[in-house]
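There are two complexes below, and they share subunit A, which is joined by subunit B in the first and by subunit C in the second.
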Partner chain A sequence: MDINYKELGLTEEELFSRVDHNELESEKITAPRYSYWKSVFRVFFRSKVNIVILGLLLFTVLFAYIYPNVTHYDPYANLMNGAAKHLSPSKAMAYFGKSIHWILGAGASGEPTFDAIWNGSQISISLAFICGAINMTVGVLVGAVWGFSKKVDAFMMEVYNIVGNVPTILIISVMAMLFSPSFWTMVFALTVVGWIGIAYFIRTQVIIIRDREYNLASKCLGTSTFKIALRNILPFMTSIIVTLLATEIPSYISYEVFLAYIGLGMSEMSLGRLIYQAEGAMVTPGWELEFWSPVAIASIIAVVLYVAGQNLGDASDPRTHM
Partner chain B sequence: MGKYLVKRLLHGLVSIICVVLIVMVLIYSLLDRNKIFSGDPNYNHTASNARVTYEQSRWEAFGYLDYVPYADYVNELAARGGIDEETRSAAVMLGRTAEKDSEITAQYVAEFTEYYESQGYTVVRLEADAKRNGQLKDGGQPQLFATRDVPLLKRAFSYFTKMFVVDSIHYVPDYIDIGERGISFTLFDPVKNPDGAEKKVFSPAIVGNGTLHKYLLYFDGQFPYIHQNIVTLNLGESYTVNRGVDVFTTMTESQGAYVLSMVTYPTGVPAQRADDLHTATYVQGSREAVASNMEWFEDDYTNVRTVKRGFSRMGYSFVIGIISTVLAYVLGLPIGLLMALKKDKLIDKIGTVYIMFIIAVPSLAYIFLVKAIGGKLGLPTLFDTSSDSKLMYLLPVISLSLTSIASHMRWMRRYMIDQMNSDYVKFARSGGLSEREIFVKHIWKNAAIPIFHGVPTAVIFAMTGAIITERVYSVPGAGNLLTNAINRYDNGVIVGVTLFYAVLSVVALLLGDVIMSLVDPRISFSTKAR
Partner chain C sequence: MRGEMSHQEPLLRVEHLCQYFNTGDTVTKAVDDVSFDIRQGEVFGLVGESGCGKTTLGRSIVRLCPITSGNVYLKGVRIAAGVQSYRDAIARAKSEYAIQSGRPGADRAALRSRLDAFVREQERQIRLARQDQKPCGGKLAAQIQMIFQDPVDSLEPKMTVGEILSEGLFLQGERDKKAVHRKVCGMLELVGLEREHIARYPHELSGGQRQRVGVARSLILEPELLIADEPVSALDVSVQAQVIQLLQEMREKSGLTILFIAHDLSVVKYFCDRIGVMYGGRLVELAEAGELFARPLHPYTRSLLSAVPLPDPVYEKSRRQIPYRPPAKQGAAADAQAWREARPGHFVRCSGAE
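Up next, the complex of A and B:
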């Protein structure tokens, strides 16, 4: 192919200059700029399913936070109205007029089931996020120290063996009886020993990675333990932590439902409390929606949170960034 | 190996003691002890001084403190023969105030006060609570009692020392005359050879007099055929859940309708009853208290357990638990294996969705889903102990196994994929081994190690029951014992159940490690750990 160098408007010297061998330059390795989090999101958004799931997650969470605040949900507005209780969607619409509040019918005290489940979702999601944040922070920090120090390991293993054998239900119910069974009591009860399981998991992972050859080499070259932890181990842990978070957060929603069902729930009308109170409605023909609506919404929130978190965890594993 | 096991067991024992201490702090020290009256209808019927003594007596029953009313002290003196009936009735009468006590009362009150204060008790005297007109209010009688909180360490110490009770001929207090105390061996069990029986039935037994149990060792037709009452396990007495019965007995005694049979009582009187005479224990004065006991029994060994047709709490939990555990292994492992072999194919995707569903969705939701679907199909959705139908086990078993199937699938798939990608498998393949050989000889052996580690835990914890499943299907199992005890402030049961669970978990983990070392010869406990 003929190329007209004249058209480029460059002089002869510029076009052909001598490049000498440069010892220093040849030592440099050139690679495209790599940003960890950019790659994580590139991998995450490559899959269409993830975009849908994330959209669903954002929608659910935002709806749960905005909708009850906009509508000013009052569960006892129709308490004295005998005709408003336990209505099927069609009857409720006929009675109250067509509106979004009544598309799931009315509950035991005449409250709109649709509003009740979103209000409950808000409480349950808050609980899950707060407990998740506290337990993960404490758990990861303690777990990291636990994994690195042999002295701490010996001590913490004893603590783990003992605390692990005290039934969680007992601890939670003692907390619930000590203080009033409010939202923050529940947070306290779920976090007072909840972090220890996470810390144990992180400890095991740290021990596995700590003794790998590259860390041994790094140590021999004189890298400080702190730097090893920050530069060599933390990147490995990121995907593990995200994956763990993806199982932890939905598990608090499930656990809250479980506790409410055995009568240890909080006083707020969370999803678990709604399910507990509507249990009798499940077997009553025509009232089933009151029971299945909170069950369904709890399941949807938990599944969406879980899938989004798992896929983010996969994306945050550097091995998928190729 | 043996040394290591002993060390592990001792270690476990220390953990168990710590767990019991923590639980005791939680329930006896942290919780407000007035909570036990919140659901008590009798509490509101008492007033004035009677309410104070009622509180004390209940707290003693729930194990918070030692409480001795003055009247009990005097009555016991009389029973021991220290004072005669006349002195007793005079001494028991308290004056309206301490100054108004009669001379004889004042003397015994002083003795009472001195004795119990030296023991560390606080002696409380409540003066008569009178209306304006001088009449006593309801429950306003004067009261005198000694009370003492049980300190934590003492409580724990006495709990552990009283855990195994060895029966002795001095169980019945020495001042009670019950004839010649002793333990006798007989080849002809008196239960099977009542007076006047024509043919003697050979059945060796050890019979005691003065002991708590009448039959210390005997044979009968029930598993395990030979029974002993010499050493009894005492995990903690129930107060509200199953009154006066030990936790272990609560878990293991059979439930349901009585099984009637022709019982020939010690006096030779036959009756169609469900009593199991071998379980007779001593209750002071019980023979004379009940008319029928006078007719049937010759002594105060009248407290017998009854034969019932159902399983025990633990029995129901175990039957359901063990079936679902076996089902979970039988289904979960092959499916997980198949998923690993067909990675990224349809079956893997379906399996992954199922695992995700089970992990994320609250277990309550799918258990109710199973119940609703089962109900539509006409299966029994509620457990009925009086029915012989095996169908009623179906839905609880399915509900319980869904979770463990998912967990086995998940781990089996994970282990298999890890092993399949490892270098030694690639090497084996390049060496010309068939896929079948690689799987059976290499992959399975390695993948099975962590699976086997979990087997003892799965089997042992099958008997502790499942809280939600048992509640949803109203199974009379052991799963809800702890939650029931918590709701009803039954401190003895809480401590007992926690201890039981802790022992099971220590044993299960140990067994898991032993099995793992048997399956995998590379794992050895005799050398020093990493």
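Up next, the complex of A and C:
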């Protein structure tokens, strides 16, 4: 490769002049600036699957919250009409006229199944998010204190050993018997012991990070233990917490469906109650869509939430940011 | 000059400091009955093999772990105190009382009242110690600071350099963000880093840069005493020199007093004024640096010094390492080892046989 230096308009001296060694210059970092959350989203949206999943999740959640409110859904509008119950889509449309409400037929109380599953989704998703929020907040805060204090640790381990060994289903059955089975009873039943498992998990993580040297250094500067827990240790566990949320929230939906299915559910027409009702109608003709559509929507919500959460958990781990 | 200083109140006085850890059934004596003074403006070196309690001693002084017994004074003010020695004294007095009052013809009432008075006094001491032990938080942090051994592990990975450096200032009650920013910039310049580094995260820095951030974090509070816990042992040689030079400059500029913990004797020799040698949790020898290297008295010190390599092949060929065989571990014999002044300013702890 021949380069004509003359053409560059530089003299010999200029071409081969000495570059001064600059001490400060050598300390410079050439890599671009790093921002944690920007990198999280960059990694998350790098995968096409994640975009599809997130779109699906957003659509489902928004639809579940907007649609029943727009149409003013009333499950008992046709309760007294014997001819409106357990209809297949074609029969329902023949009876009520063509509209989006009847594309999945009619259910046990003569309600449109399509409207019923979205109303049920709204209740189930609300339950999952409220339980998730309560359990995570309490679990993370208690877990942080549990991991830090040796005295609390000794006490909480005993509590955990006792409470953790009582089957949750038993506790929830007792709750369902004791109180009227409403939405908030269900929230109470799922959160009364649900946080302890999360707290135990967080406690283990805190113990791992607690005695790292940078936390000692912070203590040396005079930072209070509370502040260290809040500012140094909790942010470190973002990825762990997100991953945990990803498994917890869908599990509440599945749990609610399961409880309703065995007859311990709440009085609101959640997805679990719909499945429970349809299961009782399995001998009646026209039950298929009435049963399978809430099952399908419950599965879709659970899977989408789980996959989105897991992938967000992966993306929030700084080790994937390379 | 140094003669005058020694008459002054020492900056730090450590008295019979013990740091025991309960490990299941046994007690690990990490630091056992260590006493020394650090004078204003000097660099006090602490050497010894791995696991001899150097780091624990440093951490006890900054109160990262509550000490078992003994006292630590900073400029005459007690900053840490242990209560175990008082508890032991009470237990001893009680068992003595049990023996004496069991003897025929003993004046039980008098013995009893003497015991009660003694226990009351000891309990008063415990209360006082507890009071001094109470966290005075920021006040102490401004006076004693620590540099940690591992620059990778001692910087919070989720905080930027700017946040790391300003944390201490904010904790000291500084509210003026501009003043903090000015100080942080000044400190970065002092340790040879750039303003641009403020927004950087520790993982973007090299090992030497990180350790300098660690040094800057301690120095920004302008402490009177700096505890440098093996600040250079995780760095390569060229960077070691950078950090040592930085500490030397700070010392000349602001009269910083340093407790320098190390196991590298060649560094200690040139950097420290006085050196303490630790072995198995105890301070075995304490002398001026030159004196210690010229006339080591304790057999362990001799062994330690004989292990230092020199960049001289002729010398290296003839260098023989003296092995150190500690005297048989008999509880009584170990206690009989006395702490005595062999020469003026040169202390050694050993038994008669040694």
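The rule is short, and it goes like this: the second predicted complex is superposed on the first by the 256 of 322 C-alpha atoms of A that agree within 3 Å, B and C clash if a C-alpha of one lies under 4 Å from a C-alpha of the other, contacts with A are read in each partner's own complex, and residues count from 1 in each chain.
The working rule: a residue touches a chain if its C-beta (ideal position, glycine included) is under 8 Å from a C-beta of that chain, and two chains touch if they have at least 3 such contacts.
Keep in mind that this is a model prediction, so the values were computed, not measured.
**Student:** Using the touch definition from the top, say if A:I262 reaches subunit B (first), subunit C (second), both or neither.
**Tutor:** first
**Student:** Please work out whether A:V166 is in contact with subunit B alone, subunit C alone, both, or neither, and reply first, second, both or neither.
**Tutor:** first
**Student:** Touch test for A:I275: subunit B only (first), subunit C only (second), both, or neither?
**Tutor:** So A:I275 only meets subunit B here.
**Student:** Please indicate which partner A:V174 is in contact with in the superposed arrangement: first for subunit B, second for subunit C, both, or neither.
**Tutor:** It touches subunit B, and subunit C stays clear.
**Student:** Identify the partner contact of A:S99: answer first if only subunit B is touched, second if only subunit C is, both if each is, neither if none is.
**Tutor:** After superposing on A, A:S99 lies clear of both subunit B and subunit C.
**Student:** For A:I253, select first, second, both or neither according to whether it touches subunit B, subunit C, the two together, or no partner.
**Tutor:** First partner only.
**Student:** Should A:L221 be classified as contacting the first partner (subunit B), the second (subunit C), both, or neither?
**Tutor:** So A:L221 only meets subunit C here.
**Student:** More subunit A residues touched by subunit B or by subunit C?
**Tutor:** Answer, by number of touched residues of subunit A: B.
**Student:** Quick one: classify A:R212 as touching subunit B (first), subunit C (second), both or neither.
**Tutor:** It touches subunit C, and subunit B stays clear.
**Student:** Mind sorting out which residues of subunit A both subunit B and subunit C touch, each in its own complex?
**Tutor:** none
**Student:** In the complex, go through subunit A and note every residue touching subunit C.
**Tutor:** 23-24, 27-29, 31, 33-34, 36, 212-224, 232, 235-236, 318
**Student:** Under the touch definition given earlier, write down the residues of subunit A that touch subunit B in their complex.
**Tutor:** 158, 161-167, 169-171, 173-174, 177-178, 247, 250, 253-254, 257-258, 261-264, 275, 282, 291, 295-296, 298-299, 302-303, 305-307, 310
**Student:** Can you check the complex and tell me which residues of subunit B touch subunit A?
**Tutor:** Against subunit A, subunit B makes touches at 11, 15-16, 18-19, 22-23, 26-27, 30-32, 35, 356-357, 359-365, 368, 372, 467-468, 471, 482-483, 486-487, 494, 497-498, 501-502, 505-506.
**Student:** If we count contacts the way the header does, which residues on subunit C are in touch with subunit A in the complex?
**Tutor:** 59, 62, 64, 137-138, 140-142, 145-146, 148-150, 153-159, 167-168, 171-172, 192-194, 196-197, 199-201, 204-205, 209, 214, 217-218, 221
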